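Next up, some structures in structure tokens.
In the two complexes below, subunit A is the common chain; its partner is subunit B in one and subunit C in the other.
So, the complex of A and B:
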């Protein structure tokens, strides 16, 4: 089976500061990979590279057999793809953000429908049906006519997840989706993510919830200073960390 | 002070005053509509990555904002025809008021755009929207709702500025008031009534716009 996502030799700098120093990562369909590590280790940047919210200077990302973001021209020069191409490739990934980023002037269902109508060119009725289905799935059907400002953080995040996943992406990216939530709201969002994982959705997630990472992941990747420092199954990473760095990190994290 | 107030001449001419008020409102509405378009373009210009666009938009905004509006009105009406751009009085005034409003609204929109969270654009990108669709479907509608109170203030200012149209003999409320004044010599009565009409009109506009703001505001 060919991998759904292949990241090879990925380098990324913000000016002088190199935040990703050669990342190699492969995911199969149905994999749930958690990226853990202290802040500044590059895990969020890596996630943002996968849906081209960040550009990168070196290396390649292949998604469902297609190189994303860049192509090589005849002279072997690396060129950024056109905006339209990039937009199409972005729609192959779904992203849920730490700050939810719902569109505040649209109801929950409108938020979910927008991409279906504008990107997928779906007729309105069909888009509404798809949106209803996914809002139902995340337990938000009863609030589909509420505006984001009328919803709790946990509810907003569930709508945001529905918005991303309704686009039928090849892979879902979760960027610390519970970090901005009050503690009592974390569980409802994690339940939704877990539900998707059980359902076989391919997911790459950045998280600080170690217990959750251990429960849902097929693989856990520990990042440190822009590199993959250690990776393995949840049992290996949490049960028998090899490197001192990971042992230290886990000792300071709540499990 | 012995002054016999006599409002007869004003009541006899109320139709003219109403007509003038109506024209003033019309001028303000058309100008703010065009001004919003210009202001939006200028705001995006000022925030553009391209130096030349920033330059053009910034130059326009400071040039207009640092020129008295009366001078602009006279320039457009008397000087532009010499340069081959001849507009009739009303078109010339709408043109002037629109570019004037555009410059002020550009600043309003620019700060509105800068205040939007970066995540909105990224969320749009993440669902595969192009920059243009993000602007038209998300950025502009959200920004517009956020700046509605400033927009209302600008509209009221603009409505009051229509009184300057009298300077080029556009028959607005001020124009007719002056006419009545000249013909009747009822100085105090004329300008008192004209002022009152402006006050009441502005008050009503403000009230209407506040209701509109409430209806359009982002619910929370």
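So, the complex of A and C:
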């Protein structure tokens, strides 16, 4: 089976600061990969590169057999794809953000329908039906006509996940989707993510919830200072960490 | 009768200037927010120049200077042009402010569902920005109504000049000036109330 996502030799700098120093990562369809690591190690930046929200200087990202973000012109020069191409490729990945980022002037269902109508060119009725289905899946069907301001953080995050996943992406990216939530709201969001994982959704997620990462992941990747420092199955990473750094990191995390 | 004509002209001048000025102003605000450095620089000059010049002078300039360089506008057109430019500089400034106040996460969320820049602007950013600028924009609209009186100096028979003409026939200056003042007040009162009503209607829960 050919991989759904192949990241090779990815380098990314912000000015002088090199944040990703050569990342290689391969995912198969249905994989659930958790990125862990201390703050500033480059986890968010890696997700944002996959979602093409950041430029990157070196390396390549291949999604479902297609190189994304850049192409090589006749002279072998690396060139950013046109805005339209990039927009199309972005829709192949779904992203859930730490801060939800729902559109405050639209009801929950409108939030979900927007991409379906504008990007997927779905007729309104069909878009509404798809949106209803996903809101139902995340347990938000009863609130589909509420505005984000009328929802709790956990409810907003569930709508945001529905908005991303309704686009039928090849892979879902989750960036610490529970870290902006009050503790009592974390479980409802994790339950939704877990559900999607069980259903076979391909996911790359950044999380501080170690117990959760251990439960849902097929692979865990520990990042340190812009590199993959150690990777393995949840049992290997949490049960028998090899490097001192990872041991230190885990000792300081709640499990 | 001529008073009614004057009132009609005042309304027509104000509405066209506000509508055209707002459309132009949105582009000015866009250029200020997303433009390249050189474009932002030029647009900044445009805004500062127009905001720093008395409207009175703008009107004279549009009427006299343009005709010197061979662009022949009627007094009415020149007046509307001046007020449109004035309005666009104000709207440009408030649109820029509103756009830069929107969290960058909004744009990123829009991008991540595959919207292009133009779609992001139309469906995500503009509706939020417009809600935010509405109160200030209503203010600008009332300023334009007041500034429309200045068109009398280039001979546009709007409400003020029409009133003065009636007064010169009837010598009832106090009565007619009071009447004109009352009509201006009424116009702006209606604009403000309409603005509030719209604000309530589109406010986000």
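Criterion: the second predicted complex is superposed on the first by the 255 of 255 C-alpha atoms of A that agree within 3 Å, B and C clash if a C-alpha of one lies under 4 Å from a C-alpha of the other, contacts with A are read in each partner's own complex, and residues count from 1 in each chain.
Everything below uses one rule, namely that a residue touches a chain if its C-beta (ideal position, glycine included) is under 8 Å from a C-beta of that chain, and two chains touch if they have at least 3 such contacts.
Nothing here was measured: the structure is a model prediction, and the numbers come from that model.
Look at A:101: by the touch rule set out above, it reaches both subunit B and subunit C. Once chain A of one complex is fitted onto chain A of the other, the partner contacts of A:123 are absent, as it touches neither subunit B nor subunit C.
Residues 51-53, 83-84, 87-88, 90-91, 93-95, 97, 99, 101-105, 114-115, 118-120, 147, 149-150, 160, 163-164, 167 of subunit A are contacted both by subunit B in one complex and by subunit C in the other. Subunit B contributes residues 117, 119-120, 122-131, 133, 137-138, 141-142, 145, 218-220 to its touches with subunit A in the complex.
Looking at the complex, you find that subunit C touches subunit A at residues 103, 105-106, 108-117, 119, 123-124, 127-128, 131, 204-205.
On the subunit A side of its complex with subunit B, the touching residues are 51-53, 83-84, 87-88, 90-91, 93-95, 97, 99-105, 114-115, 118-120, 147, 149-150, 160, 163-164, 167. Residue ranges of subunit A in contact with subunit C, taken from their complex: 51-53, 83-84, 87-88, 90-91, 93-95, 97, 99, 101-105, 114-115, 118-120, 146-147, 149-150, 160, 163-164, 167.
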